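Order of writing sets the labels: A, B, C, D, E and F. Residues in every chain begin at 1.
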Amino acid sequence: MPLDAYRINTEPYYEPQDTEIDIFTAAYSERLPVMLKGPTGCGKTRFVEHMAWRLGKPLITVAAHEDMTAADLAGRYLLEPSGTVWHDGPLTQAARHGGICYLDEIVEARQDTTVVIHPLTDARRILPLEKHNEIVPAHADFQLTISYNPGYQSAVKDLKESTKQRFIAIDFGYPPPSTESTIIARESGADSDLATLLVRIAERSRNLQGHGLDEGASTRMLIHTGRMVRAGLPLAAAVRAGIVLPITDNPDIRAALTDAIAACVP
Amino acid sequence: MPLDAYRINTEPYYEPQDTEIDIFTAAYSERLPVMLKGPTGCGKTRFVEHMAWRLGKPLITVAAHEDMTAADLAGRYLLEPSGTVWHDGPLTQAARHGGICYLDEIVEARQDTTVVIHPLTDARRILPLEKHNEIVPAHADFQLTISYNPGYQSAVKDLKESTKQRFIAIDFGYPPPSTESTIIARESGADSDLATLLVRIAERSRNLQGHGLDEGASTRMLIHTGRMVRAGLPLAAAVRAGIVLPITDNPDIRAALTDAIAACVP
Amino acid sequence: MPLDAYRINTEPYYEPQDTEIDIFTAAYSERLPVMLKGPTGCGKTRFVEHMAWRLGKPLITVAAHEDMTAADLAGRYLLEPSGTVWHDGPLTQAARHGGICYLDEIVEARQDTTVVIHPLTDARRILPLEKHNEIVPAHADFQLTISYNPGYQSAVKDLKESTKQRFIAIDFGYPPPSTESTIIARESGADSDLATLLVRIAERSRNLQGHGLDEGASTRMLIHTGRMVRAGLPLAAAVRAGIVLPITDNPDIRAALTDAIAACVP
Amino acid sequence: MPLDAYRINTEPYYEPQDTEIDIFTAAYSERLPVMLKGPTGCGKTRFVEHMAWRLGKPLITVAAHEDMTAADLAGRYLLEPSGTVWHDGPLTQAARHGGICYLDEIVEARQDTTVVIHPLTDARRILPLEKHNEIVPAHADFQLTISYNPGYQSAVKDLKESTKQRFIAIDFGYPPPSTESTIIARESGADSDLATLLVRIAERSRNLQGHGLDEGASTRMLIHTGRMVRAGLPLAAAVRAGIVLPITDNPDIRAALTDAIAACVP
Amino acid sequence: MPLDAYRINTEPYYEPQDTEIDIFTAAYSERLPVMLKGPTGCGKTRFVEHMAWRLGKPLITVAAHEDMTAADLAGRYLLEPSGTVWHDGPLTQAARHGGICYLDEIVEARQDTTVVIHPLTDARRILPLEKHNEIVPAHADFQLTISYNPGYQSAVKDLKESTKQRFIAIDFGYPPPSTESTIIARESGADSDLATLLVRIAERSRNLQGHGLDEGASTRMLIHTGRMVRAGLPLAAAVRAGIVLPITDNPDIRAALTDAIAACVP
Amino acid sequence: MPLDAYRINTEPYYEPQDTEIDIFTAAYSERLPVMLKGPTGCGKTRFVEHMAWRLGKPLITVAAHEDMTAADLAGRYLLEPSGTVWHDGPLTQAARHGGICYLDEIVEARQDTTVVIHPLTDARRILPLEKHNEIVPAHADFQLTISYNPGYQSAVKDLKESTKQRFIAIDFGYPPPSTESTIIARESGADSDLATLLVRIAERSRNLQGHGLDEGASTRMLIHTGRMVRAGLPLAAAVRAGIVLPITDNPDIRAALTDAIAACVP
């Protein structure tokens, strides 16, 4: 099977935050495109992996960036001994053979990337490969999911109306404290006390968002910090190396963050 | 037949808004180029598909974007074992073999794309392929249709006068309420009550246009929402995922939109 | 003969506005380069076609645009089984084999395009092909004609002095009313009353130039509108689709233009 | 002989303005690079052709432009059946085989073009071809001449000090009236009265320089106008087509120029 | 072994400043990505070399710059007799065969470079090679380290939140005086007095940071100066050539720096 | 020997200004990179040639410019009959086979060029060729010298701190009058009186630096002027063509400069 390498065979650990599994399931049953919105490191990518496993479909993930071209998604000609040969890009593979195509941080991409998904995301469900002179009808299993972080998306980089209005949207945030501490314990091997403490630390950092920090500490950062403790580092050093130093270079914000953290460490 | 893959064999569902079918038919009978203007997701693409089916002509659709080059329309040389070989682009195919070429969102393209259509859209009806050293006379069936959304076209991206003045123009808007609810029922499987309600919701969102929203909810969004309900999601969740969340990230506008919607849901 | 495909065998219909035929004839007899200035759709391209037919010379037309490179005019190497092979561009073909080369909307091109014509437009009458290591002496029949629209040429895009001063210039405007109505009747099949009415409508639109419109309705637009009437559309609908809607998206200007037109329709 | 195609076999007509022939001769005898400064169409190119003929050396002329790359001067690899083969550019040909290389309007070029000439224009007299892994010692006959028009050279496009200081400079202006009328008579076939009148007309236009005109009429324009008269056009029409219309699109400046000219026509 | 050329066989000399060896060791044991922050020439690169030697892993170093593309990291196709062949880039080599990949001055790179490392730096630990149609799972030994200098990182060039939050961070500064003089003596062969004096000189220059100097003299500069003395240059000349002249061209700052230095030389 | 073409076999004439020969000799003995700073045409290039001859090492000179890429220094693949073959660039040749690599006007280059020299200019002394998958250890004879002119280096184009701090710096200025007149006499064949006069003229022009002139007349200009006199031109004409006209186009500055010069000519 062409996309077997993209199948997820073991269940990716995922703690639901709300009804996101129901919404995605309904959208997939109608093959409607889905847009995941939320901050850095809150679990959007993990959610898509979980849904692909749950639905039993291959998952092709592409990290978008501003130098990505339509050809990076759709495909291109490569020179082989017999001449130029067409190679499907990841989007074409997903459309042709059936699977979930996940475009991570889509707003980073240029408009030619976002336009290339239009005919796949309306009633036509086709992918015209102009350079290959082919119209690929989407496989019955094909679905498109994209994600972006509304927090640092500038006006310049916002999606066009004609793109936005094609998607069912799901909002993500940081998980509720008890869920987040469960996730941290599970993913970092931290005990329950440490996990709870790390969530409290994260809350302090998230309160500084908009007051010197662009974003607070993500669940990912808390897991990393928990793992540094497990690897033998003292808690203070782990928090400093895993949360305070990476998140800002500003000495004043570092001090404020360090104070806020100190206040909640026993 | 070279363009058989581009023929539309079953009638695409289309509810006329006004005299647009007459105007397009007259323009096609004179092979005059046509320009469709209107907001996102109001049915321009479906209209062209319907007209191509009605006139029995192949339809070649190209989604324009700012990185599209003249070669993407006209054609290019590819390296094959016997050397470089010319491959017609979609515009050249339509011109050479006869069909309707539809350039979607043409204002997104750079000027070299719009200039390439000039000799095809005046009395000459030719396509000079300078790189191929060939002048392609347009097939008797060839016609060019373009579309754009005047709502978010900046001064920078406006068409040049020498391009604009080549086209017969048709204006599109959202369909009248009864037409729109017929379309929603037909396309989403929603019953008549739900379809009517969705149109009322759309009207509320369209009233917010210019007051925080760039555009109101399109017919497409209403159809998506109807399908989410059909797939088992509660109405409120479907409206939130299908209309409110995709259309804006601004919390205040989201609240205003949610209130406006709540007021019209029984 | 190499340029036979570029010969014009039937007389292109052309109504002279002034002494432009004499001036072009004199310039061609001296092989001096000619520059045609005037608004969109007033007949510059048709005039060059007419002169090429009248002088019995091939006509190679190139529509200039801002992405056009010197190689698009002069030529380039293409990969063939025997290695790279030089292919003359349209300017080189005209210079080598003798013919009129017409560069439409030259101010759109970048400076490298305009510089490439310099040695062909002074006493040297040569085209140095640096990449091909060849100096092409212009054929005795070669002449260069360019056109541009001074109406929307920005300071940035103006021709350099060293380019301008190489050309004999001819000014074009809209034809006098009786000439224009003759042209419309001839080209659209409209009867004399309709043609006269369309000219009156055009005059109204041209009065709005600089008061909301960048340019008034061109002769081309009037011909299109006449053809829409011939194809069976009512006059009001044809004027709206052929003149009012294409020329502006501004509701106020559309209303003003519609009123102005209504005042002159019987 | 490799550069025979670049030899000038008949004396190019040239009327000296001042001691420019002596200065160029002295510079060439020392093989010092020369920079010609002056307005459009005043005879700089003709002067270099004359000097190349007088010194009996081949002349390779390159018109600089802002898209010209160092490779356009130095050379590049081309793909041939036996693999990539190096092809000398025009500067390399002149340096390798001996001749005058004339870079016209050098300030138009980007810095990589001007930097490539540095080692050829100091005591080293070498041309390093980094991509070809070769150091070409300049032939004993090699000399470099460049030109530019200080009149419209912006600060941005000025030559770097390290480039300027490598050149002997010669200033050009419009020729004195009697010389200019001799040139016009010789080049256009105009009789002495017409030539004298054309010079008077040119003086009027040159008085408008800085008062609406970027530059006055060049000697080239006067010759063109004389040739239009010889071809049968009335004087007024020839002056309008050859001087007034090409030089400006501004109606007020055109009127002022027309009045100034009328005042000196008998 | 594929990466044997990248193994470090002799211990790179390194004087610890703080607990950086413990933090890196813990992060490596968890294979967490590490970010080194600190000024120019303070020993970040040497530290990574030391850690690679200490952990017995190959070290692949890439100096980031603004023209570096994702392909420079991930790999590209090259044309070989049998057609195009894929060549792993340095990041792919480290991920595939196991080793520490060190991206020096990562903020210099464009976003496509930083995005390419995302799937390698979260729970997935994969490197999708879209162009090669392959997903490379990271080798068990693979770890990623990046560095940057917060001192002259502009807002434009800051790392994205979604990148930052993936890293454990370690701060570097100039070493404490006794450590720095030990390093200088060891690396330059300077005696203890000279080394101590050079550290005192550096402190003076570092006091000028923000008062005319962007950065003070680095440890590297002191070592260079010590080596110039060892090579026979008088101390004053060595300090001038090794510290004063390279660090600034501003005459006033040079004078201030020279005075500050003079005050501490015996 | 691979770099024999780059050896300098006869002593390049050089008059020392200060202790620059000692500093360079010491830096070379430690293989420390050297940066030469000074105005246009003051002898930096000649100095490097002299040092290469004195040290008996090959000298590979590269003139940096803003379009130079890292590949222009490091090397690239070229297509040959047997497929793509790697060709060392000039920096790689110097590093691999041993020699002085001189990068002239390095600040003109983009950052990717300056970053490529980093690993060659610290303790590593290696050149990683990422595209060739090779780490080239520098030959024992390899040394890097760069030059730039601080006079017209903008803030934008300044070297990065992390580049600057790798170099030993030597300042150059115009030579003292007696040295400069010795150089002029030697290089131009001027007699002692003329050489002395030319130095006096240069001093006048250098006094105008910052008062209308970006830089005064360089030693190179004086030599050129001397050679024009030797070639038979009168002194006034030679000074005008060799100094006044090349250095500025501003009529007022030309007048001031001409007056200043006249005052010191006997």
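Assume contacts are C-beta pairs under 8 Å (C-beta built on N, C-alpha and C of every residue); 3 or more make two chains touch, one makes a residue touch a chain.
These numbers were taken from a predicted model, which means no experiment stands behind them.
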Exercise. State which chains count as neighbours of chain E and simultaneously of chain F.
Key: none
Self-check item: Target chain F, source chain C, minimum contact steps
Solution: 2
Practice problem: Please flag the chain sitting at the greatest distance from chain A, going by CA centroids. | Solution: D
Exercise. For the copies chain C and chain D, give the interface type as same if over half of its residue numbers appear on both sides, and as different if under half do.
Key: different
Practice problem: State the chain with the largest centre-to-centre distance from chain C, centres being mean CA positions. | Solution: E
Exercise. Mind checking the rotation angle between the two copies, chain A and chain B? C-alpha superposition, nearest 5 degrees is fine.
Key: 60
Exercise. Would you kindly tell me how far, in whole Å, the mean C-alpha position of chain E lies from that of chain D?
Key: 52
Exercise. With chain centres taken as the means of their Cα atoms, state the distance from chain A to chain D in Å.
Key: 60
Quiz item: Residues of chain D touching 2+ other chains?
Solution: 79, 82
Quiz item: Looking at which chains touch which, would you call it a line, ring, star, complete or other?
Solution: ring
Quiz item: So if I start at chain A and go to chain B next, what's the full loop of chains?
Solution: A, B, C, D, F, E
Self-check item: Of chain C, residues touching chain D in the complex
Solution: 19, 22-23, 26-27, 29-30, 32, 35, 37, 69-70, 77, 79, 82-84, 110-112, 115-116, 118-119, 122-124, 128, 130-131, 133, 135, 150, 153, 160-162, 164-171
Quiz item: Which of the residues in chain D end up touching chain C in this complex?
Solution: 5-6, 39-41, 45-46, 61-68, 72, 76, 78-82, 87-90, 93, 104-105, 108, 149, 151-152, 187, 214-215, 217-218, 220-221, 224, 227-228, 230-233, 237-238, 241-242, 245-247, 249
